[in-house]
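Next come two complexes, and both contain subunit A; in the first it sits with subunit B, in the second with subunit C.
On to the complex of A and B.
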């Protein structure tokens, strides 16, 4: 008789907590509004010295409710031009008129200006690369009086909790809780799986193989779901189900290695050899997963937000309001994964009991 | 196993249909419905997994019944 490792956690409380946390993520993640943003600006080109009237389309904005709408065109933090007149057509449409100066502080063919909008309802928000201004041939050193700097302006701040608006991503930023968290949960489950694989190789206890393969099975299910959800997300942001993005291809390779684990596992008839083989294979697959998913995508550029270089979980990509739901989502999905793998472990233990009777 | 792959292929092939047939709807209001699709896939995936596990356990129960 093999002795059982105490992987099973008794009680209903942890299962219930997983469901409750996931419910919190589901409800909160869907109900928290998106911050204000700009969807379109016309025209997008102008010539220095012109007077330009921008028609701005907003998302989740309150242009008519707000009393103090302000707009600036920003070259850098020291050089802003304030709109001389602003008219809101509706909550989501705004017209702002600017007098572009003849002279710019630096010499270039084309200047890229960002649009800064501010009102007391939405707070301050920025649309990068909003207007391209072609330079005039005459460039004088003396700056004309329209330029202001950032430091005299007092911006409003939006009250309450909201997710950051990112162009292209829009509302799909919420997928962070359901797609990205899935990969994190998968990794935690695979880690548990590989720990038990090592344990099997050291002690030769067949029960550890049951545990290891159950965790790996649930993790691979999460991985397949991660690919599918990512594919749908890509359709709406990158406009294709699959791109040749490094991260996509490398995770596909990693997942195929894990699918091979189950195919090869099924080929072995002898229980002992199967267990030994799968323990070895899962250590190999896990060590292959780390460079494939964590190293290679960072060496090159990736379409994924916050990739290329060393993103970690910092910077502007994961804002504090997103963290409020992202980390609980990882915890909830991990708990649900634990639950599912425990069900598998229990079933496989019963099967083992029948076979060895 | 067979039925699992059948459900999986249905899921796989229904998403492009969904995306093409109702593209405008799915892209409306800041693409919020694509998030709904993602949550549905997550739910369906877990449901399929539990269904497979259910069948596995039923098989074991039958085996025990036969032996008794």
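On to the complex of A and C.
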């Protein structure tokens, strides 16, 4: 009655490749340095017409090594002010003096200037909203006084690979390879579990139930790990292990639903009915998961990317260097999930064989 | 689908319910005792507490009322149904019956609560619209879960374990709609919540109609 599905893939090559890819992600993801960034700037505001000396604290910067340090304050791509003198105090400290012009090219109470730093070691990097300038008078004539445009500036390019520096995230940006990739892998495994649950309900082959429940079990473990890694990440970025964020709470509900699935499985004694009802419940739970995780968080405010007007993955958040580790991480975690599910499937098949002999 | 058969099963359910008056009376007593307990514990409820309590009481009373929807009759009766009814007819009748039961319980809770603790709702139209959709969602989940739980001995425990996380998104939306209709918070996107509720109901109803014919054979 129980036909074995050919879900088991023999051979060591794919398991080995999973481990190798994951080791690559682990080593590369931890060892690749973060790009240069600015952690603090004092003072943070000034009045138009003043001369300001900004003290800039950098991260992973090489201010002393660099020969050609340059700094600009930028209003938009046509309006920059170059620093007239620059002095590096240490590798991570820099003093830059600017003469702020009297007049600005547009009408506003306060102007927000970004700081652009450039040297041959770190390349060019930008700190947005670095200095707030209160205006005095306003003119519409561009490029007068201290204003320059950036068409003739040649910026340096940093050599080698590095992860982008994001304020608040800092070094924790590496958690993308684990936290986000775990959720992706979880969904792939859950999807396989649901496909086999549907297969069980259509054909009634008990082996499909073993496969479905094994994949769901590993997926739930990934979900728990995803919550844990996210919680640690939240401690470093949002300063709390748990917030009132919708996505967190909806995910917790989704995990509760799936834990209820295991309660349901544990309560049934009769193998056939357990298989049937848990397959039905897992399909229902998966359909409940879609509004929980994908719809509701997108409609309400959330701190997560892609929710409540925040940009989704991609764009500035996921640059090519991060992609070099992010996609392999998803692949490696999925492969290891498949492997773990296979071990569970084998164990449950043996148990089933002994019980039905 | 057969409207006449659905009506027959629906009427039969009501007849069975009224034949065992103690069960119906028990749920009514449970609800009113719960409302009175909450009234004495809080003495003075704010609008938000009122909304939370309304939905918590409705949730637990609804669970009590629907847990037996696939357990009242003997196994042989279900074999008999299996031979004569289309499963979708039976499901729709059960769902309709559960819906009516939950709406009645909700109305009763609302009545008791407004007697003891006042009625903070200002926008009645929104409240009615949101409540009906939410109760429809609750009855969908409860019908499905009571089917799954029916085969077990400790089914009421299993039912709460399975149903409470599943109804949580509905409950959260309901709570939001209730607080908006009581003018506790301003929300211009409440129509979006109503649409979301309709969407969740559609997903849940669709999946139980797909799953029920397969499951109830067991």
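What we mean here is this: the second predicted complex is superposed on the first by the 338 of 357 C-alpha atoms of A that agree within 3 Å, B and C clash if a C-alpha of one lies under 4 Å from a C-alpha of the other, contacts with A are read in each partner's own complex, and residues count from 1 in each chain.
By our rule, a residue touches a chain if its C-beta (ideal position, glycine included) is under 8 Å from a C-beta of that chain, and two chains touch if they have at least 3 such contacts.
In this text the structure is predicted, and so the values were computed from the model without any measurement.
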{"item": "Clash or fit (per the criteria above) of subunit B with subunit C on subunit A", "value": "fit"}
{"item": "Touched partner set for A:99, first subunit B, second subunit C, both or neither", "value": "neither"}
{"item": "Subunit B versus subunit C as contact partner of A:336, first or second or both or neither", "value": "first"}
{"item": "First, second, both or neither for A:272, with subunit B first and subunit C second", "value": "second"}
{"item": "Partner chain in contact with A:182 - subunit B first, subunit C second, else both or neither", "value": "first"}
{"item": "Which of subunit B and subunit C A:344 touches, first, second, both or neither", "value": "first"}
{"item": "Distance of closest approach, subunit C and subunit B, by C-alpha atoms in Å", "value": "18"}
{"item": "Subunit A to subunit B touching residues, read off their complex", "value": "26, 30, 34, 59, 170-172, 174-175, 178-179, 182, 218, 221, 224-225, 228-229, 231-233, 235-237, 241, 336, 340, 343-344, 347, 350-351, 354, 357"}
{"item": "Residue ranges of subunit C in contact with subunit A within the complex", "value": "144, 148, 151-152, 154, 158, 161-162, 164-166, 168-169, 189, 192, 196, 199-200, 203-204, 206-208, 211, 214-215, 218"}
{"item": "Residues of subunit A touching subunit C in the complex", "value": "201, 250, 253, 256-257, 260, 263-264, 267-268, 270, 272-273, 276-277, 280-281, 283-285, 287-288, 290-292, 295-296, 299"}
{"item": "Complex interface listing, subunit B residues touching subunit A", "value": "11-12, 15-16, 19, 26-27, 29-32, 34-35, 37-39, 41-42, 45-46, 49-50, 53, 56-57, 60, 63-64, 67"}
